[in-house]
Amino acid sequence: MVSETSLQSCIDECTRCHAICTRTIRYCLEKSGRYADANHLRLLQDCAEICLASANFMLRSSNFHPNVCGVCAEICDRCARSCEKIGGGQDERMKECAGTCGQCSDSCQEMSVAHHLIA
Amino acid sequence: MVSETSLQSCIDECTRCHAICTRTIRYCLEKSGRYADANHLRLLQDCAEICLASANFMLRSSNFHPNVCGVCAEICDRCARSCEKIGGGQDERMKECAGTCGQCSDSCQEMSVAHHLIA
Amino acid sequence: MVSETSLQSCIDECTRCHAICTRTIRYCLEKSGRYADANHLRLLQDCAEICLASANFMLRSSNFHPNVCGVCAEICDRCARSCEKIGGGQDERMKECAGTCGQCSDSCQEMSVAHHLIA
Amino acid sequence: MVSETSLQSCIDECTRCHAICTRTIRYCLEKSGRYADANHLRLLQDCAEICLASANFMLRSSNFHPNVCGVCAEICDRCARSCEKIGGGQDERMKECAGTCGQCSDSCQEMSVAHHLIA
């Protein structure tokens, strides 16, 4: 079962991840070059949007939040890896974004698994 | 594989479903009583939000659109049944909303299955 | 001119206000009766949505953030008053929501005015 | 006063404009070069987001829809001009996006003015 604490912490992770991805889109567009890769930027948009949806489903205590969190976990993980790759382990901004996406992925994964235990 | 035609038609269904659910929330709040049931209204909010996300993922041609469409199909189906139940087969507005949610569910289900064939 | 500090604090206020309004919708639907008033709930939806847009415009450092913040300030103020009225000064949840909306309104008003000084 | 017909037509314009801007972001990222200009892409994101908010405020029949439409009119107009400039009058895709943004701007302007006559 999902505790109130882990629900609130997952909402916080999703909110943070939505915010950093939205900022990182701007950052990557300004850096241009490999940073402005179409697939990387689409992944950042996907990640920002699904994190927002996940947070909203949890804020409404929706029964479907584990389903949305499951998709969110997968997208965040992919986005984390894209940020790592684009940043090449050198760029602090990209490392921070990758870290936030990775934590959000773990937290959402936990929400999604909790669901399967109940259902 | 997903054709451009079925992709566009699924975007249209999701857009229509987002719009009618957003309107139906207002309608149900004004009718009050059983129409304003907390779970019914949350389902309408869930449905409006996930339809919008599905449409956006398809508009971006995101690789993750089948994942979001899969969740969308499930929520739309549940929302269709809630609208039918609340409307009791009498209320034309609720029947229309149920019909739109049902069609959107089918269309999203098709998108989601197409995905599993590819992956 | 707008400092980085006040921009970040306005993003935080908008994020908080979006979250509490989204929760309060659920709370009011469950309380039902005068809490489920159609205009009050629409105002909470308006407030949640415009706060999210304001936060996103600021996260993108968009030139148009003061315009969106100006509309946001007005809606938050109206929502704060609606929460106070519905809660009747007794309900701690509604007082908290009113307080958050009020602070967000002030912060967005400041952003909007800063704009007029520049333009 | 605003008729039901013009309200519905403005909802349709905003929905169309949200969709085309979302697609155009993808198109511009793939074209890269001057198409991927950071300010142009931010404008497309601003335009997609405010059009969605406008449509939602109108779908809810919110009293604040003229305020949001006013901001939307301004952003759509700026986005139309950016698309024209980037496309250089040659690119059919950018011309179509500019045309849709321009029509949406006019429609939202009308909604915004209608408001000032009432208030």
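Letters A, B, C and D mark the chains as written, and numbering starts fresh at 1 in each.
Just so we're on the same page, a contact is a pair of C-beta atoms (placed from the backbone, for glycine too) under 8 Å apart; a residue touches a chain by one contact, two chains touch by 3 or more.
Remember, it's a predicted structure, so these values are computed and weren't measured experimentally.
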- Task: Taking each chain's centre as the mean of its C-alpha atoms, give the chain farthest from chain A.
- Result: D
- Query: Looking at A-C and A-B, which pair shares more C-beta contacts?
  - Reply: A-B
- When chain B is superposed on chain C by its C-alpha atoms, the rotation angle in degrees, nearest 5: 180
- Message: Taking the mean of the C-alpha atoms as each chain's centre, how many Å separate chain B from chain C?
- Response: 28
- Let me have the rounded angstrom distance from the C-alpha centre of chain A over to the C-alpha centre of chain B, please. 23
- Task: Provide the list of chain A residues touching at least two other chains, using ranges where the numbers run on.
- Result: 25-26, 42, 45, 56, 60-61
- Item | Partner chain A, residues of chain D touching it in the complex | 25-26, 29-30, 32, 36-38, 41-42, 45
- Interface with chain A, chain C side, in the complex: residues 11, 15, 19, 22-23, 25-26, 52, 55-56, 59-61
- Query: Which chain B residues qualify as touching chain A in the complex?
  - Reply: 42, 45-46, 49-50, 53, 56-57, 60-62, 64, 67-68, 70-71, 74-75, 78
